[in-house]
Structures are given as C-alpha cells and as structure tokens.
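Please find the structures below.
In the two complexes below, subunit A is the common chain; its partner is subunit B in one and subunit C in the other.
Right after this comes the complex of A and B.
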C-alpha cells in the first residue's frame, strides 16, 4: 500500500489486505498490529471532510480491512476462507454426518429420545474436541507442506475436517438444548 | 473545519458539549444548568418549550407535555404497548411506520419531537460559540438497532444538523476518560441511564479504542425503577384517580425525586399532592426501594456476562470499569457492578456529562483537531437475511467491527421472475420471525429463464451502525442503491418534508419565544406560591407575613402580564429573594411531617 491516500487493490483478498501470507497459522499479535495500522489509515473518521463519493469509497476500504480482520481472527473461518479462495467450495446446506460417525450419532440421538443422561453431552463434546485437534494438525500440515501438490492434498483433507467439525458443533448444541443446558 | 458539536440525546436529559482549548466542555445555560430535561411542552401562543420549563409543566400542563421520547425512537406500537397505561400522553401507530405521539393538538413522530430538543441544544452551542453550528455527533445506546439509529439521524436532519457520526454512548464515555488517561488496557463501560442499559468492553492501545463486544437492553433504565415505585404507590391512591394524568404525573415526578434522594440518604419522605385528588406523605427507606427495584437492576447482569463471553475475556482480565448514566449513582447498582465485573468502578467524570464530553471529542476527531485517537466500534446485533424454511442466515455477526460488509449473489427460481425479495433481519435468534425485521425490499430483475440472472448484493454496515445496500446486475453491470427504509422508520421524502417544517420552526420570532419562556417561568413560580399560602399558615407563619406574601404574589402576577421578558426575569429574581423566609419555613415543616408519618403508621 502506498502512503498518503489509502489504496487497496480491488483484487486483494483478506490476506493481502492485511499484508499477510496465505497461511493457516497467523500470530495473533501480528494480525492485530496490521489491523490497527491499516485502520488508522483507512478509517472513515480520518476523512469526515471528504466529498460524498470519496467518503463512500473510504467506507468500503475500511470495511475491507475490518472484514479481513474478522475472518482471519477466527481459525475455522480463516480455513473456510482459504478453501474458498483455492476454489474448494463448501458443500451446500447443513453439514452432513461423516460416514464413519453415522452409527455413533444414531446411538446418541436414540439416547436423547430415551432420556439417557448427561453422559451423552460429554461423549459428543469429546468427539468435537477430537475434530478440533485434527483441524489444528491440518493447519500445521498445510503451512509446512513441502510442495504445491502436497499442500493441495492437505486442503482436500481440510475440507472434510471442517465439515466434520461443523457437524459436531451443531450436534453439541442440539444435545445441550435437548438436555436443557 | 468548523466546529462539530457533541450531543448526548438522552431519555431523561440531553446535553451538548464542545471542544475548548483541547478539552471537552459541557455547555450550560445562563444559569449554569448543563442538563436539558428531554421534555417538550406546547406553551402559550404555540411556542414549543423544551427542557426545564417544559419539565415544570409536566403536572399542570400534562395534556400539553411529552417526555421520554427516546423510548419510542424507531419502535413500533407493538414494541411499546405495555408501558402506555402509565403515560399521560397518547401514543398510536399502525402495523408499519413509526409511532405517533400526541402533543396538544397534533401527532408527531418521535424524530420530530427529538428534533425540538436538538434545536434547543444547537441554540445553546451557538450562543456559547458565538457562531452558527451545522455539524454534530449524536450519541445513541450501543445496543440501538438500525431503525433506532436511523430515527436518531433523521432527528438531527430535521433539526437542521448534519450528523457526521452516530456514536455509541459507552464508547463515547471511554473516549472522554481516555483523554486524561492514555495507558493501555481492557476497559468495561457500564452505562445505565434513564431509559437504556449498555455494557461495552474495549481494548485501548496506543490511542486506538477498539470495542471488543457490546450488549444491553434498549428498554431498561431509571424510568423502569420510577414506574415500579409508582405502581407500588398506586395502591395508596383512591381508585377513581389511579389513571388520572395529573395524579400519575405527580407520582412519577416524586418517584424519581425520592429515588434520587435515596441514593444519598437511608430514608426519605415521599410527598405527592394534587389538591382534591391525592395527598400522599409517607416515609420510604432505601431498603424498601431496593426491594422494589431489585428485579430491574438484576436485568443488567446477563448482558454483562454475555459481553464478557463475546469478548473472549474473563472478568479478571478487566483493568478498569467506568460508570456512565444517572442510574449508576444508585448504591445497589454499584454493588452489582463490583460483584459482576469484579472491580471498584470509576466515576470521576460526572456520569451525566461523560457521554456528551466524549461526543465532543469524537466531533473533534472528525473535524481533524484530534489526530492521535481512533475509535473502532462494533455492530451490536447480528445482521442476516431470511433464508429457506424461515431461518435467519447470519451475514455479519454481532460485535463485528464497523464498517463491515458482505456480498451475496442472488438469482431467480422461476422463469420470467421480475423481482427478488430480500428480507433483512437483525437479532440473535435462529428463527427469522423471532428477530427484528429490519426491511424487506425487492430487487427488480429482467424477466429471463430461472437461474440465469446474477445479482450481487452488498450489505454494508457503515461507521454509524446503519445498513446500506447496493445491488449490481452482473450481466449488465448496472448498479443501484437500495433505500433501506426500516419497517418502523421514515422515508427520505417524509424526512425532507419535516426538514422544511423544521426550518419554519427555526425562523420563529425570537422575541415571542423569549416572552413565552419568561411567562412560563413566572407561571411555574406563581402556581407553587399560591399553593404555598395555606402551607405557610400551617407552618405557623405570622398572619402579617402571610398577608404580605399574598401581596408579593399579586405583584408578581401583575408583572407576568407585561411584555418585556427581561423585566419579568428581574421581577422573578426579586420575588424569590424577598420570599425566601416563607419557602424555608414551609420546607422545614414538610420534612418534619413526613418523618412523623412513620410513627403514625407504626402506631
């Protein structure tokens, strides 16, 4: 970005807006530093005296900085975003149950209906925790990939892991709601 | 740049502040009063009275006076139906469109009424600065939704002000504190005012005030405590007078006053009298009041916990807690703050003034005067659209830093479809119908086979927290801005018509205004003085003195009929000086009687 009048290229993605590499591990302190530095430059408060069309442009620039910060601050959202950038679309609609969990989830839902106790919630949470840990591993694998081919392979696995995680997060909510907590 | 004034448009009181020598200063009137009660009354010759004069007419001219207008900004009749029974003025409204408030001989929308208050504040600032003021920053509760923000902005326009920014009250307060205290840390702002409650959590770092989360209740404040106390005391009123506007108003005034006194004292006398209707004199203790207000004060707890969770912080990580709003003077509220936020709160800056001061600082930032501070605020509520099956699809989650935007693509489902309907919602519920409907609009589409049109819609929440929508037809490249009229808001045309009307108000005859204001002031004093004659007798004042008092009243009444406002003000000053002894004697007796009331009841 040039100094003076703020400019962000139209095609810049969230990583580029904040001047960060396309990685899944981002140092929170660095993210924050970049965000504050850019905010100081493009925030609409700095251009209150500008003509209306300029103001509207500034609102958009500022929104792009904020949008980038919002998405990149949340690791799962960051990963989803990266996949979208790489053309790996998120499946439409509700997250579907991963095939290897079908049996277990069926049991859990049965348990809910028959009024089986709080042990269920713990079981679901443990599954979600596992999925989360798997995601963390994939973040590292992605950033450490030796070549483009390997990296693309990780992205494929990441796609599945994200759907799994989302499904389980919904299931945790469902179970907690059913158990009244 | 010309000055940008800072306005705190409150439920109970409003204030205006300006920057002077790098410091925010709240503007006072010629008598040093900084608070302008948010009360509007139609005076003699149709002069609109605002502030103290209007407040004093709340009982005597209850049919010509309205208050707490902020509670109606951007709301529908359904939103406010519950509290209408205790109001002495009529509020009506249809399914869509803003509510209408009856003031004397016509109906007004809440923004029009708020504009009267804003005009008064603008006048004050102009008198103080010695020049015309055109631009302002106006504060709103952080938890205000889009419709409420738009209504506030509209009020500014109607009053002839260019509203450069709508700022959240707790954030403004933090800014006012930040001027004298520039270190880094996490700050929680607990803002409990007359009508609204907000909690905001900010991280301050190198002059950047970054709001992490906000929560609140736009219908929770000191007004609710007054109403609860009123409801309790209504049982002491004869049944026939329980919905009498004059009685209700007298109760409301004293409920508020007694509540205030009980923040200082452990015990007070509740005194409300309307000749021929009620004559209440009873003792009230702080403990009794706390019992009554506990359920209301407790409602501030949950928003605090949610704000902490959303900020991803534990309460031990809060470095400072700031108190804002008149209701934070209540000892019970302070106890709750200590308990919930785990810190001894700070209140060095008058909690009534701190928001207006912060607004002035923000005004100075916009004017380019202050360059080392920056506010990064958030949107309090999630923004979404209604999706298949009536669910809400969140586009911009709550607590996103603003400006924030998101772009969605749309197409058609049926051949030859000529419009796509988009229903925008604000709220946190999964079911669309359980959220607030913000706006419903249609994007025109050229008739084509289903799925062929490609329309890109950008939803942008601007720095005021207000939604802007632009749509672009990807095939033709044609762009259009969609006017988002909130379901209970005003259209641009309606606002412009009100601006026109407002200009007429602005050009009214100032001599006439001064005269009516002075007369109103004399009327208030005369009214009280006439009632005081009997009380003076009861207080055991000498008959000679009472007779002379009667003559003094007659003299003032004669002066009231003149047409020189300066002379009237002088007469009033003389009257007050010469009758101070009578006022003192009456006050002494009243206090004694009220305290004796306890013994009577116990006996």
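Right after this comes the complex of A and C.
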C-alpha cells in the first residue's frame, strides 16, 4: 500500500504542493480537501516500516504540506506569499509607505494625543474597512486578469494595499489602546 | 524589553520635540512610517542659504527606541551641512543608543526621515528657483508638487 514515495518536487511552491492554481481566491472546502488528501499520503504512520532515510523524507514532506496549508488558509498571508513567490518584494524602506496614508496616520495619532477620541476610532475603522475591501477587489482582479501583464500590474497594486492594511491594523490597535478598548 | 540608559534618557527627556511651519521655504519636512509596527515619525529641518541646518524638530509616535532615534537624529543634524546630515547612517544611531536587533528599524526610520526632510527642502528650493526664473509653473503641476511636499 505504502509503496513508493509521494512525489512532491523539491521546487514545488505552496500552491503546487496542494495542487492548487496560483490564485488569490481559493475555495476553503477545496483547500481543506486537498490538504487532507495530501496529509494522508505523507502520513508518517504509513511509512512506519520504511528505512530511516525515507522516513525523514516523509517527515519533511509532511511539514511542507502543513506549511502550505497554513499559509494558503489566510487570504492576506496567501497574497503576501504570492508576491514573494513572484519576486515582488516587500518594500524594505519604510519611506515607501504611501504618503497620503502617512499623513492620515500622523494626524490620527496627533488627534489621539489631544483627546479627540471617539470620532477617531470610527475614522480609523472606516479606513481599515476600506483597505480590506480594496484587498478583496484586488484578489478578484488578480484572478480575473486578462493577461500576464495585467496580472503583474495587479500584483503591484496588491503590494501597496497589503502595506496599507498592515499599517492600519497597527493603528487600530493603538487607537483601541488609547481609548481603553 | 530592557532599554539602554541612553534610550531612556532620550525617551524621558526628548530633545527638539515640536514642529515647524511646513510651508516655510527654509523648512524641509520628512514624514516616514513603518507599517510593520505602525510607527510614524515627522522630522523637520530649518536650513539656511549656506546649506547649514540651523534647527531641527521632531514628532514621533512609536516606541521608546523610535523616539530616542529621532531625538538623537535632531541633535546630530543641528549645525551640520546638508551633505553631512545625509551621510549619517542608521548604524551610528544603533551604536550610540545600543539598540537591540529588533529595534534597528527605528534607526532606519530616523535615517530615512533625515533624507526625506532634505529631499523635501531641495524640492521646495528647486521649485522656488523655477518660479524666480520667470516661468510660471502651470497650475496642475503646482498643486501636485504642493501635495507631494506636505
């Protein structure tokens, strides 16, 4: 039954490990199905009698299946991963933050200090909601892109949208801390 | 996390906190941020016609290390020429404040803020010069560059 090692090429990325296309919308049921199916194939119990070398390879494969599932389960992590995979690096320099967002964040932080409380919390939540909706839009745009050039362009916009979302998530935390929940 | 004595000194008694008029032609403003931790840092420089930094102010929302890094940066750039200020490296800030590896990004932010402020100042200057030479910039360009310089 357990004859032969399941084939997962060393160079396979998380999408390939689970046999999924490089898309940003993945049906959670399909993701789970693939994960369970792959997990069974590389389950260490099936290789109990195998030579140590083979066992360690199975353990390695099992870890890769788990990693793939963990990353691809979270839409934002999935998007970050795809960007890295396609060589669209996360901006190193903090200066690459969108300037309009910096202005806004600065203003909100100043407002918090001067006690302009409740209105700010709403403003920040609205901004975060907006950022989230923008990401959702981009996921669809990416998957529906007409050609490779268009798809790459969407990935560029996605990069910025993810930075924005992260910044705002941090801001929401700060605001909640400042306003006591 | 244990902060170094120097970080605590700057944190408890930050130097040059405040802001300047960002529309002043002699003032360059650098606004930078770190999405990873949500820190934002504004650093402003008053630069005279000889390219000497006469004054510096900052306002930072972030952790103690970010505040200390910007406080130190303002102290260091005062009295320096623009070129000298541009040569300040974040590693020098790390060394002076004994920042741990997880706080290195705070020093990077301070270095970036100095650069952004000087860039802003130079942009303003170039624009003023273009104005003096008699060419009235077209309105669209003016409003765009004004936004970028804020």
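Rule of thumb we're sticking to: the second predicted complex is superposed on the first by the 167 of 181 C-alpha atoms of A that agree within 3 Å, B and C clash if a C-alpha of one lies under 4 Å from a C-alpha of the other, contacts with A are read in each partner's own complex, and residues count from 1 in each chain.
Here, a residue touches a chain if its C-beta (ideal position, glycine included) is under 8 Å from a C-beta of that chain, and two chains touch if they have at least 3 such contacts.
As the structure is a computational prediction, the values presented were derived from the model and not from experiment.
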{"item": "Contacts of A:43 with subunit B and subunit C, given as first, second, both or neither", "value": "first"}
{"item": "First (subunit B), second (subunit C), both or neither touched by A:102", "value": "second"}
{"item": "Partner chain(s) touched by A:63 [first = subunit B, second = subunit C, both, neither]", "value": "first"}
{"item": "Touching partner for A:163 - first (subunit B), second (subunit C), both, neither", "value": "second"}
{"item": "Contacts of A:171 with subunit B and subunit C, given as first, second, both or neither", "value": "second"}
{"item": "Subunit C partner contacts - residues on subunit A that touch it in the complex", "value": "93-95, 97, 99, 101-103, 105-106, 109-110, 163-164, 166-167, 170-171, 173-174"}
{"item": "In the complex with subunit A, residue positions of subunit C that touch it", "value": "31-38, 40, 42, 59, 61, 105, 108-109, 112, 115-116, 148, 150"}
{"item": "In the complex, subunit B residues that touch subunit A", "value": "1, 4, 164-165, 205-206, 208, 210, 362, 365-368, 374-376, 397, 400-406, 460, 462-463, 468"}
{"item": "Subunit A residues within the subunit B interface of the complex", "value": "36, 39-40, 43-45, 48-49, 59-60, 62-64, 66-67, 69-70"}
